[in-house]
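We just call them A, B, C and D in the order they show up, numbering each chain from 1.
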């Protein structure tokens, strides 16, 4: 599954093309639209999210709700487009780059006259397309029994440290929380952090975890650095705008631990087969899945666009200015966790398609089950 | 610059091919061999490093000490090979996988009869080839005035928190330290951590920083998630065996910070041009270099092979066993930091070759300087 | 420049995304629409071409007629879509595959219930998107002084053998000819061939040449088989539906020639610099451009869809049937030559962007001119 | 299966790395060496082939004659190396490029001082590595019942037009023929052509066919131009040094044919299943295999190096000179046909690995057979 995205933040639409999506998959558009909605929600999002109500418009690759094996293309229209078109076309001389954003380097790299063109594409609005691609991936993962879940474990100074065991209750609590934190008390504190930042015309960062359950061992490979699934996941997660740190399992803590304490002892259980009682490795050993849940942690910096503005210079005049005050969110961590789910889904699905083929869902499931049987009989 | 590596830990040699390395570059073999030696050193390495004295044997792509533009191929012979060949060939039934290593999933994925074949390729010995590839990259970066440096900031519980400003003194201290830490006192404490772990038949993790200085802004792109240089660097660093966490700049801290505190204000200085007084972003904004030093942090888990052994099961009999006790290091963090330098060098060079061409070094330097002039005149 | 296309023949639209198109390029939409029109024209096209009037709808990547460096996305709407939607949705049991087309293997590969889904994507209508991508490439090539031209040299039994020297007259004659042949007499004969085939309910093949002029030497490389520009061009041209043979220069004749007769002697001329008096090599030696015009020849099989039908079997019942009679063209060779121009333009541009960078057109032109100066001074 | 090759014609060795070769494949080194020998043979090869006796030296990826799933690396030593090293190192000022070869453009592209470095890498000696990679591919194809065969059908003016049906007798005759032509009489005429060229200090071109039998339908895809197997095969075959034209099936003739004559009618036979009585398509329809034999035709230009020399200019002085007279073959068409077998094998295997997985041979065969069963039951 390869994909490309296109589209500007205030352009007509965000566009995506997915190539090599298996045929025969029943596509539930409501599910995809709900994923888009999950990305839009979250306390701390700006006024724009009240305007936009993202819905996917599929142009190709699906007929009678089933994938045909042909490339899938889609648009997500920007409702707010018309209000911005004229405004943008007048901004041919915007030269006060936001520190922390693409504006400064983008203008130089592409020899632009205004930071506007960089702003438009480097905006996190592009991640709507990734969530859409990810939801196609999720649909297949679900058919293979693989679930993807995320929750927020930090907003500003408020950190939620509990070890989360996924169950229906936890999922419900997380989805109900305006900050995607499964703990009610922490959720409230997190909201307070966002309110405080907002009141100060500031923005705020945070962190989240993404978890994939029920995997087979052996997705990814140790053969080249570039074939390791941990490397691919780090790539995908770090590619989300704002993400500045990624860990697999207990990655940060691992540095301070002894080998016999960190590594997850292997057991065999007649019902579960090979199993572990800890999961410090986060489901990945030697660049491959080991069958345990994949657990990814990510840290997100505060959003560079602030109502207050940040000290910067005019790129041409070199004089001091205050950075552009684009309408923006105060905190986008809950949304980023949904994008994280999408990116993780894409990487896992690609690892699976590489091992089991990618033409037709029945063929993939058949090959997948053959592999599971072989493992059970070993 | 594309490359592939091959070779087993106790095979005849580690092999590498580099395609699309620019012509006209003077190649100093001593420099490359010294890089290989830097990887081998470090307190905590096992007895093997006393046997091996890695030296590159270049087969193609270099004539009269200059690159010709043709693919570079090289071998790094394993001196210890002959002692192992027979031993390995008898190990056709090794079934006690080391938790934390590739053994378990590798055997299943590749339908192997013994974990031995996975052990051989998933071994970190492969990183000798990456250091070699990286040293070719470094040679060009040096010609462009770009320096790459690394130091260890954690071994087990000992953490070195100082903010390091690179200068000749710091570099010398780091290179002289057996654990690659620029602080004498911390170095001694780190050695003690390793000695303790060793005495307990255990292994130990840690962390390191890699820094690249003197970059131009605009390497990498925000156009696709996959074109961001932060994503590519995360990929490369996470692909180093044992690495479980990666941060860019103050990535971990960023989650707890306010926008106006985190983002690096932009200034203009008549001598330095555009400049910053902080570098929380670690030199990367919007998926592109911003001209400030790139700063990467990594955390490494403890080595899975321990003298003590770790509880595991026999993959066929399903009975409890103690994991394989392969000869190994107690701590490889200092070595991993050298591999990290190599991986970062490769990613930065590739970003540069993509922007300025990759055929000939004079052409690249000419195009590179034209871009710098354009920025100076903006 | 990477791109993906999507869209079905009778779907809502054909969609394309182009990534890494340089910034600062003035985009003339009329030029692109005219290229689309050139693809639609040609004697022998079916009635559909009377319905469709392809026009590109650009969604992103262009602002105020200039490329911004951001991904370009576009749609080409199918006017005929609404008339077909219901018809197609009833065809869930179409099982009489057209010999020569994708129907048979496509149904098996993707486990489809009807050949309809394969028909829709494997249709040559997809090439409208490629012509659009190619026209973006052509715009840059034109800025570098590189021209792309094509003409038809065979329709059925009528072969036009003259060696064509490109000049304004020839170009005009070709564009005026309904079969894109620069010779009036041959054009008439070719039309007769098409009329004959049409009257018999049959289809007919042919051949064409594509020529690129004013190139620099050194685009492409001999380093790997996969880096040769002749290989890449063969790939691109053979990927056009219906193409079954590709030659570079006098490729077919070369097999019967002696070395001293075939190879193009090298001369030096004070005005032209290095030059040749023959061009049997078709502008490519050793997998690289040599500065002479690139000349590509292609042969196209007759269209598999015929009014007459062709003997086939029902894939499920295994009984004899006549192949599907989809509305179609009788001869698409003139159109294919336009697609050929697009594909050649894309490959040449990609070779150039690889050597001279791909961020901004001014930077590319600067680097390109530096290389030309270096060659002149050698 | 990805691979890179490296190595100069008169360097120490040709080197190759193959990544993602399935585990569990029994590797017959004698078979590989015999493939290398088949490449070296052929009437018309120069004196060097009497010196070299190519043998593969496998460094990694194979243990106890079985592939382990790890990257395979190999060397093919150049026996003649030592005799050339000093000679080459004195040739720092060779400036008389051979028309038809990479010398001219290579020197310019890579800013070289002498054409020697280009000569060394652009030499067809590199194809020894490709034949080695191809023989690994062939071993798996054979396990799947797929056979690859080639024969020469043209040397200079002598053309062998018969339609060849592969059987043991034909194969034997071809392998016994010094020019790889299955017809004794034509073989003699072809030899005469070579002798004539040789006596005149000239070189000569030719043509060959490559045939793959017993394929399943559905390898390759019509989804993108770049996913079509005909495009990939054209790429691979055109990447062989000297090849200037490629056809699939009756590609050249197709241009002059009517649809109902050209396209291969589909039949169903209780024993053979779906079948055809003609194979003008050469086994590929809609960018996919259709189950019939793949038939590829290629035309090779005469070798650019001739004893006579060809008129050229000195690149620096611009004065007329005679092109370099490097020791060379008079005709390499029989050898090129063996390289063609290798390239076709690689493309077919890659198409298969993409559809059925690539980790382990048992798993691949299992998935492959499941697909065949599904087709049989349709």
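Here is the rule we go by: a contact is a pair of C-beta atoms (placed from the backbone, for glycine too) under 8 Å apart; a residue touches a chain by one contact, two chains touch by 3 or more.
Being a predicted model, the structure only gives us computed values, none of them experimental.
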Chains touching both chain C and chain D: A, B
A-D or B-D - the one linked by more C-beta pairs in contact: B-D
Geometric centre distance via CA averages, chain D-chain A, whole Å: 44
Between chain B and chain D, centroid-to-centroid distance (C-alpha), Å: 38
Junction residues of chain D, two or more chains touched: 4-5, 19, 69-71, 106, 109, 111, 121, 218, 221, 223-224, 355, 359, 363, 374
In the complex with chain D, residue positions of chain B that touch it: 2-8, 11-13, 15-17, 19, 23-24, 59-61, 63-64, 68-73, 75, 88-89, 92, 106, 109-112, 117, 120-121, 359-360, 362-363
Residues of chain B touching chain C in the complex: 19-20, 69-71, 218, 221, 223-224, 227, 354-359, 363, 366-367, 370-371, 374
Chain C contact footprint on chain D (complex, rising order): 4-5, 97-106, 108-109, 111, 118, 121-122, 130, 154, 156-157, 159, 197, 200, 202-207, 217-218, 221-226, 228, 230-241, 244-252, 254-268, 274, 276, 280-282, 285-291, 297, 299-306, 308, 310-313, 315-316, 318, 343, 355, 374-375, 378
